[in-house]
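Step one of this worksheet: look at the structure below.
Letters A, B, C and D mark the chains in the order given here, with residues in each chain numbered from 1 onward.
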Amino acid sequence: MSITYLEAIREAQAKALADDSRVFIYGQDIGSFGGAFKATKNLAAEFPGRVLDAPISEDAMIGAAVGAAIEGLRPIIEIQFADFSTVGFNQIVNQAASLFWRTNVPCPITIRLPGGGTSGGGPFHSQSLEAIYAHYPGLVVMTPATVEDAYSMLLEAVAIDDPVIFFEHKFLYYHLKAEGLPTEALPTGKARIARPGRDMTIVTYSAMVHEALKAAEDLAAEGTEVEVVDLRSVRPMDTDTIMASVARTGRLLCVGEAWPWGGVTAEVLARVSTEGFDLLDAPPQRLNAKDTPVPYHPNLWAAHRPTADSIASAARNLLRL
Amino acid sequence: MPVAKKPKYTHMVHTVVSRGTVGESSSFRDTYLQAYRGMLLARILDDKLASLYRGGKIHGGVFLSRGQEALSVAVGLALKKGDIFAPLIRDSAGRLAFGETVLDAVRTCFGSPLGPMRSRDGNVHRGRPLEGLFPMISHLGAMISVVNGALMAHRFKGIKGTVGATCLGDGGTSTGAFHEALNQAAVERLPLILVIANNEYAYSTPTSSQFACRDLVDKAIGYGVRGWSVEGNELGACLNTLQGAVEQARSGQGPQLVVARLLRLCGHGEHDDSHYVDAELKAAPHGRDCLKLAEEQILNEQWADAKTVEAWRNEAVQKVEEAVAIVQREPAPDPYKENWRALASKHLGEGYSDAGSQASATGQI
Amino acid sequence: MPVAKKPKYTHMVHTVVSRGTVGESSSFRDTYLQAYRGMLLARILDDKLASLYRGGKIHGGVFLSRGQEALSVAVGLALKKGDIFAPLIRDSAGRLAFGETVLDAVRTCFGSPLGPMRSRDGNVHRGRPLEGLFPMISHLGAMISVVNGALMAHRFKGIKGTVGATCLGDGGTSTGAFHEALNQAAVERLPLILVIANNEYAYSTPTSSQFACRDLVDKAIGYGVRGWSVEGNELGACLNTLQGAVEQARSGQGPQLVVARLLRLCGHGEHDDSHYVDAELKAAPHGRDCLKLAEEQILNEQWADAKTVEAWRNEAVQKVEEAVAIVQREPAPDPYKENWRALASKHLGEGYSDAGSQASATGQI
Amino acid sequence: MSITYLEAIREAQAKALADDSRVFIYGQDIGSFGGAFKATKNLAAEFPGRVLDAPISEDAMIGAAVGAAIEGLRPIIEIQFADFSTVGFNQIVNQAASLFWRTNVPCPITIRLPGGGTSGGGPFHSQSLEAIYAHYPGLVVMTPATVEDAYSMLLEAVAIDDPVIFFEHKFLYYHLKAEGLPTEALPTGKARIARPGRDMTIVTYSAMVHEALKAAEDLAAEGTEVEVVDLRSVRPMDTDTIMASVARTGRLLCVGEAWPWGGVTAEVLARVSTEGFDLLDAPPQRLNAKDTPVPYHPNLWAAHRPTADSIASAARNLLRL
C-alpha cells in the first residue's frame, strides 16, 4: 500500500476521530466536499456531526475552537490556506496562546495550515508563516516533512494539551509517498537525522528537507558528506540534536522556505552561535526565500525559494570558508 | 405588600412574543431585590476600587461599571450553573450575580498571586473558565466566538438546556470579531445571548462615529436572530428582557441580541474624566442612575424601607472592606517562584538560554 | 424597432424610490446591447482561459465568471472615469466594461512580464490602481475598506461626484473585513457601491451554512445603508439597479448595498467539477444563464438579429484569440532580471546576504 | 524648553500636517479627545477635517489607509495599543506590504503602534511586536529610543514611500525628555552609537537602549567599557554599524524587550554570526523578555523584561566567556 502525505493527514484525522470522542473538525468546505485539498474526504460521512462546515470567518473559527477546548474537546481547525490565517491571527496568538498561562486551563486545539509554495500559487496561496507563530510563547509549531510525520505528528498535535499550529506543506501533498503508516514515531520536540554525514550540517524542515536531501546527493557525488537535520517542529526546536550534529561536522547551513528576517534560520543560527560557537569551524550560514512576496510565475517562484541547486551552491560556498 | 408596578416592557424586533406575568408576581419582587443587592455590591466594590486607584494602590487601569449594573446583574441572574458567561469591562454586577466572589475581583485588581489570574492578568481580565466564567482578552469582540465554541461543545457532548451569554459595548459592534461570531451563532443556531450596552460612547467616541443604523438592535435582522431592546437603566425591564431572552435561547430559539440603551456614568477608565460626555445625555432619561432608580422603586413599592436598604449597603461595604483587607495582607508574587512557562505541556518547554541568568537549560553561560 | 420590454424591476429595501423610464428609452437599448457585447467578450475570454487551463497552459487557478456577467457588466458600465472599481473573482465582464483590456487579463493569467502584475501576481489578482482598477488580494472582504480609503482621499482632495464599487460573494459576507468596511463606509457616508453576488455557494458551501438571515439585503438595515435586491441573471434589471445605486451614491446618498440572486454556472475554479450544486437550483429561474437570457431578449425585441449577434461573437472570439496569440509569443519572466525588491524606497533595501548566491551585498561568501 | 517623547510624536504629526497637505490621521479617539495617550492633542482643532475618529475597526482602518495612499495621500494610522494591531494584521502584512511589489504603486502609510511594557499593562497592553512585522518583506519597522528620534523618524516615516510600522514605546512617553526638537537626524536605516566603548557591544533598540545605557554605567564603574548601539529601525537593520562595533569590541550582547524566538536579537545574531564570525572573540549572546505573555503584576513584569541589572549581569557573563 502506498500513501501520500495528504492521505496520511486524512488518515490521522480519521484515527483521531475514531479514537477520541472529544475530537471534531471545523473548517470551510470540509464536510461533504472533503476540503479544498480533500484532507477530510469522507470524514463527514464516517463521523456524522463531527466534521463541520464553517462560514468564511477565520476569527470566529479559532475563537470557537478555544471555547470548545475549554469545555474539554479537542478541535481540529482547517484553515483553507495558511495565508488566510492572518485574519484569524488575533484569536490564535492572543486568545489561544495565552489561555493556559493566564488561567491554568489548557487549550488543546490543532490548527491545520496548508502552507508553503507551489507553482502558480502566487503571493497569497504560498506563504510559509511558521516564524510568525513560533515567535509567540504558548504555541507549538509543527512542520512535518514526511508522510510518516504528517501522520504521527498530527495525531500527537491532537493529543498535546496546547495549541498546535500544524503546517502541512501543499507541495508535498500529492507527490510525497510512503509505503504505509508508521506505528511509532519520534516525540514532538525531537529532530531527525534525515541523512547522516560528516562534512557539514544542513538544518531544515518541511518541504526543504527534500531539496536538502537532493542537494546532499549531488554533493556526495562530489565527495562531500552532508548531514541533513529535519527539525520536525520549529517550536519547540531541538537544539540538542542540532548542536550534536554541528559538533560532528563543524559546519552549519540552515535552510528555510520562509522569508529571512527573524525566520527559523535566524533562530537556529542564534542558538548555535550562542551555545555552540566553539563547535563551528566556519561561520554558520542561512539560505531562505528571497525577501519579497512569493511570485506567481513558475520561473520566478523557482528562483524565489531555495532549491536543491541553490542549497548545493550555498553548501559549496560554506565548505570553502 | 402592594403588587409590583409593572416594569416598562421591552420592545422586541422581529417577533412580538407576549411575555408572561413575571412583572406581577412576588417572585419578581424577590428577584428584583436580589438584583438590587447585587447592583449595590457591585457599585460599592467599584467605588472602593476607584478610591484605591486614586490612592495609588492599584497598578494598571481600573474600569468601572457605573450606570450599567442593572443590565449586567440581569444577565448574571438569568444564567444558571452550567451556563457560560463571558463578561466584559462593565460587568461587575453580572459577574457577582453569576457567582464570582468579591475576593476574586479584588485579588485580580491587586494582582494577588492567590487570585484566579495568579498575578498574570489583572482588573477586568479575570474569570474561572472551568466554572463557566470566561476571562476576557482585551480585544473587543473576541470572546463571542469563544462562547459559541463552548456551546458547540455542549451540543457535541449532549448537554442540553445550557446557554451562553456575553456582553459588548456599542463600540465593540464595529469589530469584525463581533460580526463573524454573531453570524456563526446564527448559522449554528446556538443558544447565545449577546448583550450590547449602548452607553453612547466608546471611550470618547460618540455612537455617531461608530455606526449609522437607526438602532443597534436593527442589526439582529441582518443576522436572522431575535433582537430585544431595553431601557438599560430600568432594572425591571432588564430582568424581564434577559429572562425572556435566556428562556428563548434555552428552549432552542437560537441567538438573542439584546440591546440596552443607557449611559456610562464614569470615565472610560478611572484615568479618564469623561469631560466629553454630552450634558444633554446626562440629563436624558437613560442618563439616570440605574441604582438610584431601583432604590426609588423599592422604596416606592415599599418592598423594603430605607433602613433595610441602608443595612444592605452596610453589609455590602463590609463585604468589600473585608475582601480588600484580606488581599492587602496577601504577599505580592515572587518572580523567582514563577515558572515562566506558557505551555501546559511541560516537556515541550524551550528552556531558553537566558543570557541574564546564571544557569541556563542548554547554554554555556 | 419595438419599444423595449420593461425590465423586471428591482426591489429596494428601506426606501421605495420610483425609478425613471430608462427601461423604455432607446438609450437603454444601446446600453443593453453594449452590455451584452461586454458579457459576450467576458464569456468568450473565460471559455478560452478554461480551455487553456485544461490544456495545461496556465499555472495556478482559473476562476470563471460564468453566470455572473450580467451583474458584473452592469457594475462596470455604471462607473465612469475617475471612479474606483475593485472587482473580485467573478468580474471578467465588469473589468472589461470598466476598461481593462483583454490583453491585461490574458497576460496576467499567463504570468507575462508585460502584464500589469509583471508575473508577480496572477489570474484574478490584477489591476491598475492608478487607473482606478484595484487589484484584489485573496483575502475575502479586504478590498472594501481599500475602496473606502480611496473615496476618503477623493473627499480630502475635494474631488466630487466620484464613486467606488466593489464586489463580493455570499461567502465573503461572513468575513469581519466585510463588516468593518461596510460600517466604515456607512459612518463616513462614502459613495460606496458594494455588490454582493449571492450565487448560492461559497466554494462548495451552501448559503445555509453561511448566513441565517432571510436575505442578504436585510443586512443593509443593520448598517443604515440603502439595500437593493436584483435578479442577477436579468441584464436589464442589473443595469437599472446598478445605475440607480451608483446615481444615489454619486449624489451623496451614502453607501448602497446591492444584492443579486444568481447561480454560479461553473466550478469554484476550473479544478472543481461543482458536482455538489443542487439540481433544483440549476433548474430554478435564477439558475438560467444570463448571457442566454440577454440574447433571447435582444432577439425577441429585435434589437439585433441572429446574424449580427453571431458577428459580435466572432469579433469577440477574434479579440481573445489575438490577445492569446500575442501573449503566447511573449517571453517568460527572467528571474535574473527580477530585482527582488519589495520596497519602493531603494535605499531601504536589506541586501540580504544570500548564502546561495555568489556575491552578497554585505556578506563574505 | 523641555519636550517629552510623547510630545515629540505630537509635534512631528503637527509638522507633517502643516507641511504636507497629503497627510491625515485616522484612529480611535484621536479627534477632539486627542488620543488615548494624547499624541494628537489639539491636532483636530488645528487641522480641521484632517484628524478623524475611527470606529473600532482596525482592519478597515488599515485598509482605508492603503486606499488613500493609492490615491496619493499619506495617512498616519494610530492603533490604540500595538497589541490591537493583530486584528488589522492582514491588511498590514498582505495588503499594505505587498502593494508596491505587486503593482509598482507605492504605499506610503505610517502605522503608529504604541508598544512595549509598562507597569500594570498586562498581557494585552504591553506587547513588543516588532519581529512579527519585520518578518514581512515590504514593511519598514522603526523603533525610536529617544525624543529626537521619535520626532525625526516619525517625520521620515511619513515621507517614506513605503508602509512604516512605527513602534513608539509607551514606557518612554512621559518620562523621557529632551531639551528641544532636533533639526537634523540620522537617516532611516542608520544605527546610532548611543555610547562608545571598547570591551563589548550591546545592540538594542527602543526602551531597552536606556536600560543598556544604565547597565553600561554600572559596568563602567567596574572598569568595563560597553559600546551601546541603538538600532533605531529594526528593518532595515544597520548591519554595517553593528559589524563595525563588533570589530572594535569582539563581543556582542543583543538585548530586546520582545520574546526570544525569532526576535530582533535572533536576527542580529544571525547576521553577525554569518558575516562577522571572525570578528567575535566570544560567542555572541542575547537577552530577551521571558518566554511567556507579559505579566500584569509589577513584580512579575519587572522580572519578565530585561532591565539594567539583568543586562549588566548578562554582560558580565559574556566578559567571562
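Following the convention adopted for this analysis, a residue touches a chain if its C-beta (ideal position, glycine included) is under 8 Å from a C-beta of that chain, and two chains touch if they have at least 3 such contacts.
Computed from a prediction, not measured in an experiment: that's the story for all the values here.
Asks: Imagine the assembly minus chain B, everything else where it sits, and name the touching groups.
Replies: Result with chain B masked: one piece.
Asks: Chains touching chain A and chain D alike, please list them.
Replies: Joint contacts, listed by label: B, C.
Asks: Averaged over CA atoms, how far is the centre of chain C from the centre of chain D? Could you give it in whole Å?
Replies: So the centroids are 40 Å from each other.
Asks: How many Å are there between the centre of chain B and the centre of chain C, using C-alpha atoms for each centre?
Replies: Centre separation, chain B to chain C: 44 Å.
Asks: Please tell me the distance, in whole Å, between the geometric centres of chain B and chain D computed from their C-alpha atoms.
Replies: 35
Asks: Could you list the positions in chain A whose residues touch two or more of the other chains?
Replies: 54-55, 57, 59, 83, 86-87, 90, 94, 97-98, 101-102, 123-124, 137-138, 235, 261, 274-275, 283, 285-286, 291-293 - these are the residues of chain A that touch more than one other chain.
Asks: Which positions in chain B are in touch with at least two other chains?
Replies: In chain B, 117, 120-121, 125, 137, 139, 174-177, 180, 183, 187, 209-211, 341-342, 350, 355, 364 touch at least two other chains.
Asks: Once you've mapped the touching chain pairs, tell me: line, ring, star, complete or other?
Replies: Basically all the chains touch each other, so complete.
Asks: In the complex of these two chains, what residues of chain C are touching chain D?
Replies: By the definition above, chain C touches chain D via 84, 116-118, 120-121, 125, 127-130, 134-135, 137, 139, 142-154, 156-157, 176-177, 180-181, 183-184, 187, 341-345, 347-350, 353, 355, 362-364.
Asks: Would you mind writing out the residues of chain B in touch with chain D in their complex?
Replies: Contact set of chain B toward chain D: 58-61, 111, 113, 117, 119-123, 125, 137-140, 171-172, 174-177, 202-205, 209-211, 276, 332-336, 338, 340-342, 350, 352, 354-358, 364-365.
Asks: Applying the document's contact rule, which stretches of chain D touch chain A when the two form their complex?
Replies: Per the touch definition, chain D meets chain A at residues 59, 83, 86-87, 89-90, 93-94, 97-98, 101-102, 123-124, 131-132, 134-138, 235, 258-259, 261-267, 269-270, 272-275, 277-278, 280, 282-286, 291-293.
Asks: Would you mind writing out the residues of chain D in touch with chain B in their complex?
Replies: These residues of chain D touch chain B: 28-29, 32-33, 36, 53-57, 59, 81, 83-84, 86-87, 119-125, 253, 260-261, 283, 285-288, 290-293, 295-300, 302-304, 306, 310-311, 313-314, 317-318, 321.
Asks: Using the touch definition up top, name the residues of chain B that touch chain C in the complex.
Replies: Residues 174-180, 183, 186-187, 189, 208-214, 218-225, 254 of chain B touch chain C in their complex.
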